[in-house]
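Several structures are given next for inspection.
Here subunit A shows up in two complexes: once beside subunit B, once beside subunit C.
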Partner chain A sequence: MTVRALRPLTILTVILLAVGFGMAFFYAPLDVDQGFRQKIFYLHVPLGIVGLCGFVLGGIHGLINLRTGSPESDLRSYVTIHIAQIFSVMVLITGSIWGRTAWGHWWSWNEPFLVSFLIVFLMYCTYQPLRLSIDDPRRQARAASVFAVVAGVFVPINFAVVRLAAQQLHPRTLNSAAEGDMPGSVLLTFLLCFLAIAVLYATMVRYELLSKSTTFRLRALERRVGGDDLIPRRSSVPQA
Partner chain B sequence: MRGLRITWAVLRKDLLLERRSFELLPAMALLAIGTMVVLKFSFDQDEISGSLAAGGLIVPLLFAALLGISRLFAGEERDAGIHQFLLSPAPPGAILAAKVAGLALVLAALEVVLVPAFGLLLLGPSLFPVLPQVVLVLILLDLTLATVGGLVAGMALGTRSRELIVPIMVVPLTIPALIAAQKALAPVLAPGADPLVWRWPAVLAIYAVVLALVGSVVGEYLVED
Partner chain C sequence: MSFISSATTVLATDIPSDTGGPYVVAAYLVFLVLLAVYVAIMAQRLLKIGKKADELAARLDHVQNAGAGAVQGDTHGAHAHAVGGTVTSDPLAKGGDAGAVTPAQPTAGASS
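Let's turn to the complex of A and B:
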């Protein structure tokens, strides 16, 4: 894979993002209750859904790694989780911005989506420290894959439990869409933004995979030049 | 069947070692009761009940469990015991299953001390009428803590900073179980003792079963070499 091979996907991502968010600002009507602040949902909700799916995808790659021992699936698991972590930070930031404008404060412990997202985020924050604390690459891959599988299963359970336990202040975007409460223009814009964010995720994953495989090739060349005396750097990134 | 026999043998060995050395259980009990004393002064109330009481029972248990989890493979890591185990034809998952069962038993033994101490030190309403409900919720919570603990201790095997990795991984993974236990215990420990809401023990049981199933699929990979 080369940067040139990723060009069509990059162009598609840029077009989808431009069209999706252009529609969010200039085509989708203003929400009667929430006004302009509702526009953040076109970014916040897709980021959240795609981020969570990314964590589950990381678990699937982790399971493949456990079954096959293939370093590539460990790398895929690492990269999908890493990009999902970045999306999760964005979800927490955009959610807090929305909360500040809607509720008057940045955080609400009564809001199950916020709390469960924070729990998931905190859990995945331990992924890199776990990898970094294991020197043996094979053992690192195996422990990280087990973590990815357990955490991937944990994500939906955690959401269900927190949702059962707390009151719900957060608007239910997907419920509104399923019940047909969402106007057609809003639904179309939301779906397009969702597609744009999903493609953005896929593009970022492909770029990071490319970056890591290039780094591995570079290190292999360094080893050939430097010989066996070259001490490998400690890293949480899978070592091919 | 052979796996079960080996699990039982490892479990019996661990329990025997603990009975002879008697170091983990007293340390866990001291930490849990010490935490209760801290909570007593933090709450600044003579007696607590309801949600506060549920938290006052669960938090010391979690701290004690963290101590137990970080020591779970201590015996095997000493003198490369884990390598000797793996040289034998025993299935690798058996040792993890034994550790989970052992931790659940240690937590249950700890609660024999912890629950009366909680009744004496913190709780306002009498504990006796609601004891069966409290015991049921605690058993389910023990199973969940033990399963999470076994998996995390397995992941942390061979890491350079296990004492850092274990708590930061265990706490987020147990939050759904802690929420369910808190929601189950809060009405039971309230003045007048409302009946147990069965949804929460069910959530605890489902969480424990799902984790055990995941553990049975991936656990063997944790103790492979």
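Let's turn to the complex of A and C:
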């Protein structure tokens, strides 16, 4: 994998984001209840879904690592979780902004959706410190994979339980039975934005993987030449 | 500057402020800023990798040149021994034995 190979994916990401956001502002109609503030929905909801799927994906790679012991799957697990964390930060910030304009509060501790997402985010904030606390790379990979699998199973269960809980403030999106079907233009725009965010996630994961694998190759070369970097430094990043 | 001020004017007039217009803009800006920060970090990392690769290439060149010099010296000495001549200026020949083949020097020290 090279930077040149990622160029088409990067261009596709930029185009999809531009078209998706353009449609959100200029094509999708204004919501009757929420008005203009509903436009955040096209950003916040895809970020949330893709972020949570990223955590689950990290768990799947962790499971592969536990079964095969392959360092590459550990690296993939690390990178997918890392990018999902970045997306989670965006979800929390955009969600808070929406809450401020819709409810008049930046945060509501009574809303299970918000608190459960925060719990998931904080849980994954312990992932890197966990890795950093273990020196031996093989033990580090195994412990991180166990964490990724357990947390990856927790994420969808937590999401399903919270969704089944009694609604308080947070709207239940994509819930056609309760809130009626979305108009075609809104659904089309949402799906395009979702695709754009999903492709953005894939692009960021690939760039991160490329960057990490290139760094490892360089370090290996340095060791072969006999440079200064003979002793591997302590790091939370998998030493593939 | 005029483009920015006209764009600001368009935004100010077109975005409804009663239903959270500025907040919507803020949400999308946060997304774009975080994305830009990520891209900047990635670019910085790639620059660092490029710099390291250049350093490594220079080090390898140095090592190869030193190795080539040693090999050239060895072949010179070996040739002199073969024809029975005396070589006095060969720096690799020890103890006046012009024909002695001196092994190439270890290259690890070339890193400094």
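Observations on the model:
By our rule, the second predicted complex is superposed on the first by the 224 of 240 C-alpha atoms of A that agree within 3 Å, B and C clash if a C-alpha of one lies under 4 Å from a C-alpha of the other, contacts with A are read in each partner's own complex, and residues count from 1 in each chain.
Here, a contact is a pair of C-beta atoms (placed from the backbone, for glycine too) under 8 Å apart; a residue touches a chain by one contact, two chains touch by 3 or more.
A quick note: this is a predicted structure, and the numbers were derived from the prediction, not measured.
Once the two complexes are overlaid through subunit A, subunit B and subunit C fit side by side, free of any clash as defined at the top of the document.
Look at A:225: by the touch rule set out above, it reaches subunit C but stays clear of subunit B.
Of the two partner chains placed by the overlay, only subunit C lies in contact with A:43; subunit B stays clear of it. Of the two partner chains placed by superposition, only subunit C is touched by A:34; subunit B is not. Once chain A of one complex is fitted onto chain A of the other, the partner contacts of A:126 are limited to subunit B, with no touch recorded for subunit C. When the two complexes are overlaid on their common chain A, residue A:106 makes contact with neither subunit B nor subunit C. Of the two partner chains, subunit C is the only one touched by A:204; subunit B is not. By the touch criterion stated above, A:93 is placed in contact with subunit C alone, subunit B being left untouched. In this overlay, which is a superposition and not a single complex, subunit B and subunit C have their closest Cα atoms 26 Å apart.
Contact residues on subunit A toward subunit B in their complex (touch as defined above): 63, 66, 119-120, 122-123, 125-126, 129-130, 133-136, 139, 142-143, 145-147, 149-151, 153-154, 157-158, 161-162, 164-165.
Residue ranges of subunit A in contact with subunit C, taken from their complex: 3, 21, 34-37, 39-40, 43-44, 47, 86, 89-90, 93-94, 97-98, 100-102, 200, 204, 207-208, 211, 214-215, 218, 221-222, 225-228. By the touch criterion given at the top, residues 151, 154-162, 164-165, 168-169, 171-173, 175-176, 179-180, 183, 199, 203, 206-207, 210-211, 214-215, 217-219, 221-222, 224-225 of subunit B touch subunit A in their complex. For subunit C in complex with subunit A, the touching residues are 15-16, 18-21, 23-24, 26-28, 30-31, 34-35, 38, 42, 45-46, 49, 52-53, 56, 59-60, 63, 107-108, 110-111.
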